[in-house]
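You will see subunit A twice below: alongside subunit B first, and alongside subunit C after that.
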Partner chain A sequence: MPAPETAAPAKLKYAERPEWADVEPLQQYEIANPLAPILYSEEYKDATDYLRGIVKAGERSERVLELTEHVIRLNPAHYSAWQYRYETLVALSAPLDVELKLMDEFADKHLKTYQVWHHRRLLLLLTRKPAPELALIARILQRDEKNYHTWAHRQWLLAFFNEPSLWEGELDFVDTMMNKDVRNNSVWHHRFFVVFQSGVREGEEDRERILKRELIYVKQNISLAPNNASAWNYLRGVLEHTRQPFGSLAAFVQPYTVPLPASTTDIVDLENPPPGRDADLPCAAAIEFLADVYEERGGADNVDKAVELWRSLANEHDTIRKKYWEWRIREALATSS
Partner chain B sequence: MAPTTTMKPIPTDGFPTPTSSAQAETVKVLLEHFVAESSVPNLQKNAHMQFLMRNLSQGFPQRYTSQDASQPWLMYWTLQAFSVLQVGLDPGNKQNAIDTIMASQHPDGGFGGGPKQAAHLLPTYASVCALAIAGRPGAGGGWDQINRDQMYKFFMSLKQPDGSFLVAHHSEVDVRGIYCLLVVATMLDIITPELVEGTAEFIASCQTYEGGFSSASQPYYAPSNSDKPTLLGSPRPALGEAHGGYTFCALASWVLLQPFLPSTSTKINKKALVRWLVQMQGAPVELGGFKGRTNKLVDGCYSWWVGGAFGLLESVGIDPAAVSSSVRSDTQAEDGDWDDVDDSLLNRKALQEYILFAGQHPAGGLRDKPPKPADSYHTLYCLAGLSSAQHRVFPSAARRRDLLDSWTDTVDGGDQEAEAKENALRKRIFVEALSYTQEEGTETVVGGAVNRVNATHPIFNLTITHSDAMMAHFYGQVLPPRTLQRPAQT
Partner chain C sequence: MNREQLPSTLLTSLHVSYIQNLGKSTDDLAYHLTAHLRLNAIYWGLTALFVMGHPDALEKEDVIQYIQSCWVEEAGGFAPHPGHDVHILDTLSAIQILVMYDALDRIDIPRVVKFIVSLQQPSGVFAGDSFGEIDTRFTYIAINALSLLGCLDQMDRDGAANYIKQCRNFDGGFGRCIGAESHSAQVFVCVAALAILDRLDEVDGDTLGWWLSERQLPNGGLNGRPEKLEDVCYSFWVLSAMSILHKIPWIDAEKLTAFILSCQDPEKGGISDRPGNMTDVFHTNFGVAALSILGYPGLVDLDPVYCMPAHIIEAKGLQKGWKNLQRRVE
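For the complex of A and B:
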């Protein structure tokens, strides 16, 4: 029979470990029969009894780090354990590179937990070394491409430290992620954040050129997969942010609002890339966009055209939102009459 | 609901990606579920009640250890789900609930995720709402044992220079925490101009280019040569994309902040918000459920976070019923029984169908989508979403008048001018919050009366009765009786 693992001491309950004998464990409830209790494992109950004891005593020591790590491994959403751990790290002036290394493991294991990401942020505020962080975030995002906390963490990091070297590769990173999935809305949001919402960086001062670049980018992506709400939202966002009329895109949008023609010409038009051969047309987002163009132009004739398009959405192309399209019609008629 | 054969598949433009594949998988499962039933299923009220009751009396299974820091939430989700199902607790269980919740109150103010845990804004909301349901005034009733002075100090200690709040000390900022704080401060009569200064600007800065709201915005850039961070002007960039949960919290916060906003202050883009909200409703092949972000999957809990958010639009001035009826006749739907009285912007019928077909777990409880298991969180938010799709609960001018008429000022004998100002503000907060009234005669219950559930307050997610009782207590008011509210004749 093989010898048992020698990591055994860690498996012993705190109540059985002499080095913890001086701590008074505190049970959770003082009332006899709490309603709707969670049926914890023995291990979890033991560890949290000691955590409550430690917190009450206000102890800050190495073994607090051991205990809080244990509790966090059993329940990474235990924010009080995180909070107490952070305060203890600071009180002990503990080596933060060791802590960050542990956090790399936790980020992999518990990537959906708020606290994992917030603790990293607190550590980075102390170390002020953001550079290695981008690669780790990129690695996590390979596994969970739409992880909200991870994307928000990346955006915070870029904006907070705001170092040119951090921003340098960001559009390439967007492209890498976009190539994996052009429908990933997190990537589109990140692009908007990088291009429009985080200041103007060196080499990007010519905003006319940036606008043109972004319009070409989004139009090409719409041409690739027209029924992609993320791309249309980005297009609308860019136009609204830069105060461009929707009408400036009418020529591009029009072919997406009608059925695919039987034969297509293979003319490469960078300004107005046409829908591909497999496109599912007409595309509801394009019809909506064109209706907005007519409404924006104003005048009875244009409002009539917009109403006709909204009606086609309400009754045929986007029936789930019938009520909304009918409301748009009522609103437009009420303002134009 | 149209037969599945006529339902348009989600277009993929011959260009599959991981998103469209996950989408196709989900549609397949949903349609299997849909086909399995020939008519709209009943809401399995008994099975859901038993699911909730089992957790309450026998306790939550070990896998709920991940919710150990959310114990007041487990309690609130369960109690409020009972309320929506029109079930009340017996006095013994009520007292037990009160005592259990009060064990999580922190000596320095606020409530923790469990006894002897640090105070946190989220469980503070859950605890106070659970007390609104189970508690009462007087000794042992919970309400008068809430330490409001300490709670206010706790709230102020979390306040950030950009108007936001940490959810707990050393923790993150996000709009869920702000929603929780504003609800509690409003209900307990501890909301002040000082507490919420700058908060509306923060909320507005979380609106993204898509129209929905993100979790937070970026307040600072790192200092180059000083330790003092610089506060950015507004707008500040949103961190993270528009999201259903955050959008509900941001919009509800915005409504609660109205009494503090001068008319010329920061704005949100309402048109973009409405567009984003309606875009979150899934296609017929997704059974009309709601998703939480663009190009993500439908999920039962967004029935409330997004579906329920429509119930707040009237409070920010978007009232589809207000457009003239002469215009309306032009677009009147030709079929449908309630279509001509229903002015909502979402598809209420489809949302109810999603919950009934896909949201119910056969063994009781409700869920994200099949084949996932049921849990307390999805049970409440599916039911609350169902409720908001069945009832119109609106800020009633008639109720507002009644509340104004019956209001009595609190007189402490201090500076008269300051006191008058304070009373005027308290009155406005009180009247606005309790003006929400269930409109009779416009219910849209899919599957008939057996599927009817209780109406909930669109901001608090408590029943009207519970919201009324708790606020009347803390504001020291006697409420005028509620009368039936019929829809205005058009």
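For the complex of A and C:
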């Protein structure tokens, strides 16, 4: 839970504080223009006037850290305040662990502000201690599971430091996030990044085994929640990346393309896990996949079967993309005749 | 809000006065909190006005003077607002507005070019500012700006295209940086940048077109990633990329048009992200821009690569081979 804002004693403006008397505040250039008159809060104006003064004088000191923190708290997107803060930290050889700790609060509060993450990245390049950062990212992703900046930061951290110990827990982390929301596209993307996109790590050299593992993983997830575009995209991505024919999955996909049978028996089939009892079938993504299988096989009979499936998508199961399915039908018929 | 009360035609005159009034209610808090967007906001407002056929709705000379007041002499670029920091985003907005007003002679072009080129990184991607945030969005912005200034040859074009290529994901889409998830807005910037560089061969048009058409939800709206909510601004990101790839016919244009129109504020004007929400100039522009791409009657053609009026880009000899829907007659 975020700490409640402490009731700070009424803050004096910099202009009224004797320890800042030696700084010449620099006001921003104002023009009279009906499109854009300037009216900021007094506090922000006061702080940024002093920041401009400090920057002009080139001062690097403890109080610069105080002032830049103040400006950033008022406007976390103020990138030159961040930049000046970072340069000051370096100039003062300030303890960066302390800075990162302070920045944890910002990451929590302003997780959608890019500067927060970029500042962390610059600090990490100096501290070169990525492990605690993974834990922080994990904690923040618990709160905002699809945050684009946070995921990109994690991907950068893993690839940049590229230490076996960092990668080690990554698939477990994917599982944790997947268990929270199996439809989270960011998690599926991250899994692809970890398994296929970021190089082959020790223990993963047997690509046959990895492919098998991934197919079982995605099939099980589809069986739990068939109408999940991210999982189907992942399946396609894996097959294309490893150059496997779609047809190798035909037996698995088929039961998802038809209505759920009235009575099902509980079969444990790791190769081809069947849809669950409350599955909403037929599943459009499965129909699309099976049509691709027929098209891949080729020949007039198979194209006819594919066309029939596309028609069912166009007219019944995915009508919003009717134009797309009609295009597929035209293309397939034109190339097969 | 009741569905039946939602607007079903474009309320052009309301939107024109909404945009004209934006700079006037300066005593409300929202205005001050958005100072960091000011030049962008003028670009959004002006583009929407041009597309709605009201290019003279703002005081041209006031706008140009305001742009000049955002010039940052030390850096050679533009800030969102006088006294703020220079940024590539605002520098592009300044250039786009001046191109629309045919007033590029009012700025020091060689210095602007130097500033933009200085932001390209060894990897080929561009940073947005000196703090160093990198993003394929900034690569597009740099390419767009340099192209408008006729100075594309001053950047490393192969390097930029090569970086974008590395951002391509298994689903055919593009992300913000290498390794990042596909996202419609990033798809637009990458595809449009490659279009300007004449490097669309790096795009798998059918796979990406399919991914983009998958963004349409049963209510007609488009989202940015699978399992996310629809939002008017994604109408533009998705449609512009599809127009460049010649895939607009895959969209259910009727339903998308109805969705965008339902996001208008029928009293005060402006368009919001979803029906009934607060309007803003960003969604107003991208809503109107998307309607233009969809061939909505009475609108001016929009160039989806530059997000500017098509006749202006064509006059500069910069038009690429995009394909919007044919304009309908009422």
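A few remarks follow.
Please note the rule applied: the second predicted complex is superposed on the first by the 321 of 337 C-alpha atoms of A that agree within 3 Å, B and C clash if a C-alpha of one lies under 4 Å from a C-alpha of the other, contacts with A are read in each partner's own complex, and residues count from 1 in each chain.
Keep in mind that, in the parts below, a contact is a pair of C-beta atoms (placed from the backbone, for glycine too) under 8 Å apart; a residue touches a chain by one contact, two chains touch by 3 or more.
Note that the structure is predicted; figures quoted are calculated from it, not measured.
In the three-chain model built by superposing on subunit A, subunit B clashes with subunit C.
Of the two partner chains placed by the overlay, subunit B and subunit C both lie in contact with A:197. Of the two partners subunit B and subunit C, more residues of subunit A are touched by B. In the superposition on chain A, contact of A:241 is made with both subunit B and subunit C. In the overlay built on the shared chain, the residue A:212 is in contact with neither subunit B nor subunit C.
By the touch criterion stated above, A:109 is placed in contact with neither subunit B nor subunit C. When both complexes are overlaid on chain A, the residue A:323 reaches subunit B and subunit C alike.
In the superposition on chain A, A:162 makes contact with subunit B only, while subunit C stays out of contact range. In the superposed model, A:56 makes contact with subunit B only, not with subunit C. With chain A used to align the two structures, subunit C clashes with subunit B at 184-192, while the other stretches in 22-30, 184-192 or 220-228 stay clear. For the contact definition in use here, the residues of subunit A common to its subunit B contact set and its subunit C contact set are 28-31, 33-41, 52, 75, 77-80, 82-83, 86, 114-115, 118, 122, 146, 148, 151-152, 155-156, 159, 183-186, 189, 192-193, 196-198, 229-230, 233-234, 236-237, 240-241, 320-324, 327.
By the touch criterion stated above, subunit A contacts subunit B in their complex at residues 26, 28-31, 33-41, 44, 48, 52, 55-56, 74-80, 82-84, 86-87, 114-115, 117-118, 121-122, 145-146, 148, 151-152, 155-156, 159-162, 180-186, 188-189, 192-193, 196-198, 224-230, 233-234, 236-238, 240-241, 275-280, 283, 311, 314, 319-324, 326-327, 329-331, 333-334, 337. Residue ranges of subunit C in contact with subunit A, taken from their complex: 23-24, 26-27, 31-32, 35-36, 38, 42, 58-59, 62-63, 65-66, 69, 81-85, 87, 129-133, 169-171, 175-183, 210-211, 213-214, 216-218, 220, 225-228, 249-252, 255.
Put simply, subunit B touches subunit A in their complex at residues 10-15, 17-20, 55-57, 59-62, 64-71, 74-75, 78, 93, 96-97, 99-100, 103, 112-118, 120, 168-172, 208-210, 214-216, 218, 220-222, 237-243, 272, 274, 278-279, 281-284, 288, 293-296, 320, 323-324, 327-328, 330-331, 333, 342-347, 350.
Of all the residues in subunit A, the ones that touch subunit C in their complex are 27-31, 33-41, 52, 75, 77-80, 82-83, 86, 114-115, 118, 122, 146, 148, 151-152, 155-156, 159, 183-186, 189-190, 192-193, 196-198, 229-230, 233-234, 236-237, 240-241, 320-324, 327.
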